[in-house]
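Naming follows writing order (A, B, C, D and E), and every chain is counted from residue 1.
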Amino acid sequence: MSLTETKEWRPKIVAFCCNWCAYAGADLAGLNRLQYPANVRIIRVPCSGRVNPQFVLRAFQRGADGVLVSG
Amino acid sequence: MVAAAQHPQIELLTYSEIENISGYVGNFEVKIRKKARSVDPLKCTGCGTCWGKCPTRVDSEFDLGLGKRKAIYLPFPQAVPAVPVIDREHCRHFTKGKCGICEKLCPAKAIDFNQKDEIITEKFGAIIIATGYDLLKWEEVYGEYGYGKYPDVITGMHFERLNNASGPTKGQILRPSDNKSPETVVFIKCVGSRDDARGKSYCSRACCMYTAKHVHQVLEKIPNSQAIVFYMDVRTPGKAYEEFYKRSVDEGAVYIRGRVSRIFQEGDKLIVRGEDTLLGRQVEVKADMVVLATAMIPSKGWDVLSKMTNVSTDKDGFFQEAHPKLRPVETFTAGVFLAGACQGPKDIPDTVSQASAAAVKVCQLFTKDEMATDPMVASVDESLCSGCGMCENICPYKAIEIKTITERIAGKQISRRVSSVNKGLCQGCGTCSVACPSGAMNLNGFTNEQILAEVDAICL
Amino acid sequence: MERVELSVALRNNRSLKNKVESESGVVLSDCYQCGKCSAGCPAAFAMDYTPRQVIRLLQLGLGGEALKSHTPWLCASCQTCYSRCPREINLPRLMEAVRQEAKRRGIIPERKVDIFEKAFLDTVEKYGRAHEMGLMVQYNLRTLQPIKDALLAPPLLLKRKISPLPLKIKDIDSVKNIFAKVRNEGGSKQ
Amino acid sequence: MKRIGVFICHCGANIASVVDVKKVAETAKSFPGVVYATDYQYMCSDPGQELIRKAVKEHRLDRVVVASCSPRLHEPTFRKTVASVGINPYLFEMANIREQCAWVHSKDKEGATIKAIDLVRTAVAKVGKNVPLFASTISVTKKALVIGAGIAGMQAAIDIADAGYKVVLVDREPTIGGNMVKLDKTFPTLDCSA
Amino acid sequence: MKYAYYPGCSLEATAKEYNLSAKLVAKKLGIELWEIPDWSCCGATAAHNRDYLLSLALPARNLAIAEKEGLDVAVPCAACFNRMRTAETAVRESRDMQKRISEILGSEYKATNKTRAFLDVVVNDVGLERIKEQVVKPLKGLKLAAYYGCLLVRPPKLTSFDDPEEPMTMDRLIEALDAEALSWSYKTECCGGSLSTARTDIGVKMIYQILRHARDAGAEGIVTACPLCLLNLDMRQAQAARVHSDQLNLPIFYFTELLGVALGYEPKDLGLDTHFVNPVPLLEANGL
């Protein structure tokens, strides 16, 4: 991926992660010291069902380049 | 076993399966199917007349096919409860509509062909999952070991049955093919364990020790016997374990470090081919019997139970503890605890420890008459709620119902319908708050305002 | 047997290790030395190191010894090891990568195998197909054993199983082109 | 006006070796509502928690953010800490700068520090919107269900029953004992298993 | 049922009878074979031992010709089959490799067609039921050991049509022809084909084990689907027997030859008279 290679443009990615799976998975990635680009920001939600489309729209409004909902 | 059966506080429900679990910590409601035994346990005296006279013989599951049982049977002589069961798939009364010998001969008139499955519903405050393990079906994966076509290539569990005084050979170690005493027995460890390609990547933990035990039993029971163990590592992390392993070596077991590549039959011998990796040389054993230490896998039905209890599993189907170090017997479903090999491969000492730990967790819960609930649950702003019921339909935990409230508006008493959240049932997922068209439903701790503030801050 | 000082050996071995890994696609640390590969290898009896030991040499900083080993040259490419490996290590590919690297450095422990393969590929490049009779003669001449398998030739000729003359394909340029381009891509010189 | 305190944990070297914790704490001071920010080696330790309690009192904090490990690990710990000095435990938030920052960006220290700052800012923004929450109570049925009557199930059932509670022990097989009753003698004592 | 047909170099020479018999049975069973025009060598073991890219490009040249006709390729030789599957899979799985190979070939190759072992085509596409219907001379009484060797079934992810440890395709065919397929333990052991010229000493040891196990299992003959296996087991059998001071005299057959006999062709027409260990007496003894 070119995410890490190009210094000029790094997309801002917001991830909504379910506390019980994707967020736990992200913790697990940490425990295993897996490396990924630092331009991903995670917002913890209690369930991916909690993610209101409004949140996604708001993220794009505020300049996010990508939104990931994971659960 | 007897202690559990005779305890006045314990009710045994054998031949029974969990149908459904609803509710929440402190208040689970569980449906249990009591499968038809076709024998009335209150009348049965366990005299054995029925299975003595039953004309149908089938392979005994309990003896893993090494022995036979009848269609009405006790799995083994010391079974608790000592009440037989009719296997309706094989019983002639059920397959052909005739026979009924057991019914005629039963002195207690306990046989009841008309018995039906019964479903009971009970309330529980806590649940312990202790569903244990099965063994990997190596016959389906390892062609190089013969796909199960050689009768004298058996698993450790078969070996246990051969060794057991109440087993099919009355405790003598005999080859299944010809009932001869084997002189050279090969043991292969890590069959299906530590095999990413066709088995499981994990270590099954108990095999090193039970293989050491098997080796000891061979050398003890069979004069002039040889026991050769193919292993990758000998793992003995337990009190008195290393000493136990050393004893089997002192007794004459030969340990070869290397994984067996192939087993095949030549005459009445099994040719076992490996590499002694310490020497870097190919070795071959002409064996009379081969015992495979096959991987432990979760007991079948784990997926169904996982859904019913909402307890997740790892990729192999073992139930996931809340934290591997700090909360090893708890799960993320409050009130559901884990004990034994259902959580991961385990030996007996560890299983017993974990079971007692889970019991303590349950007792801890039971010491209080009431318990505090997590306040991070859904809440309704009744002034905004239109009572449309969208949230009620979408709630995965059936925690929302519509109630009628009466309020005074402009001097008039008005009744209207609004949502109401059961704080015990609500798991705080927040799906309702997304479904709510009027913005009346919110989730404490993860409100719309909170999350939007987070989005704004994180995008800055 | 000399004692090995590992810290230096491991450091010096790194580039060879990387090279072999990238050419074979095998990750050497995947191997946990169970020996199942070598236990079932049908040609191991003729090898100086078992295939597992070749991996060990590479893991341990003794890649130089792996390059001198006959083992990679005696691999029959039968895929038994690869099919049974619990870690799905493609040993045949690894063996190829090791011997190719050895050859690049001028180490050819099995000269006959090398000559045979060169003769084979020369024929393919020249005619587009393998020509068994010509190949055998070439091979015998180059290995200085003119009468090897000579007893087999007359019956083969008699049974019309080999022809004395090679058969050249029409579009031989397309095959020559393949060889040329592969050489340009930095492939071995055959 | 809200008075938010921010506490950045080093987690020994786990966080501090990647994230510039001083810089994060310094930057946090400028976030809206933050009146106090500091860093410390181990926030979850006794002295660490004491440091939070002291700061709450000294700076009259009414909300707290701890940036350390995953909330899945220590959220309950810190909720208790703030509760012990009179703050509603739900006026507390965590920023996960270990599992989801330091550990996964250990080769990008600059990026990790920027991300840590963002995560702290987000937690501060959230805690500003938090309201006190109060637990309610539910009744407990003092009867346990044990599914599976092998070694684990039997042992757990007996222990609970011995403590005086009712237990229902369920097994799908016609008999209890599970795999155990198939075994002959067991290691390391070689006594019988039943 | 139409396939591109890739005989491979051996079938033009030492395995002439395999080519002959394959074409005859194909005709009888309604398999249309379109021989790839001007086909070239797959590179065999020599290519992959010396250069990975060469080992993909050489077979790809032939696959590309068949791809343009939209045909799957039927390959009788197990070694060619394996090399072509390897090339095909490498190209299919990596767009980068597809580009490189196409560049080397000077024409586009996308691996949209598949390589099929001729044995696979006969048994699984034609089907045993249809074959049974056409049998005029059942091979009753023949005790045969099906020998698969390595490259037909390994590695399983690549070859994919049968089990790597206990393959049965050929056994099922033998049974369908009314002969007896023996259970034996060396059906997938390697014969050392690629080593047999340069290191005959090693190869001879390997084939002796195979021959001995087949004989001890009661086999009167061995059936194979690979010209290298046959060449080794047949041509070097006398040498193996001499080195190990053993009597062997086991005729080796291509499955197509036996199938041809059962379908009514004369042994001579199938090339059965060109083997080193003469199989004709065995056939005659069984009234074939």
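By our rule, a contact is a pair of C-beta atoms (placed from the backbone, for glycine too) under 8 Å apart; a residue touches a chain by one contact, two chains touch by 3 or more.
None of these values were measured; they are calculated from a predicted model.
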Third chains touching both chain C and chain A: B
Central chain (distance from its CA mean to the mean of all protein CA atoms): B
Most distant chain from chain C by Cα centroid: D
Mean-CA-position distance for chain E and chain C (Å): 23
Rounded Å distance, chain A centre to chain E centre (Cα mean): 54
Chain D-chain E separation of Cα centroids, rounded to whole Å: 63
Separation of chain B from chain E, taking each centre as the mean of its C-alpha atoms, in whole Å: 47
Multi-chain contact sites of chain E, meaning residues that touch two or more partners: 164
Two or more partner chains touched - positions in chain B: 144, 376, 445, 451, 454, 456, 458, 460
Of all residues in chain D, the ones touching two or more other chains: 72, 118-119, 122
Which chain pairs touch, all of them: A-B, A-D, B-C, B-D, B-E, C-E
Of chain B, residues touching chain D in the complex: 1, 3-5, 7-18, 24-28, 30, 32, 35, 37, 62, 64, 74-76, 78-81, 83-85, 122-133, 157, 160-161, 163-165, 167, 171, 209-210, 212-213, 216-217, 238-241, 243-244, 299, 301, 305, 323, 326, 339-342, 347-348, 351-352, 354-356, 358-360, 362-363, 365-366, 368-376, 423-424, 444-445, 447, 449-451, 453-454, 456-458, 460
Complex interface listing, chain A residues touching chain B: 12, 14, 20-21, 41, 43, 45-47, 49-55, 58-59, 62-64
In the complex, chain E residues that touch chain B: 163-166, 185, 216
Residue ranges of chain A in contact with chain D within the complex: 19, 23-24, 26-27, 29-31, 33-39, 41-44
Of chain B, residues touching chain E in the complex: 142-144, 147, 264-266, 271
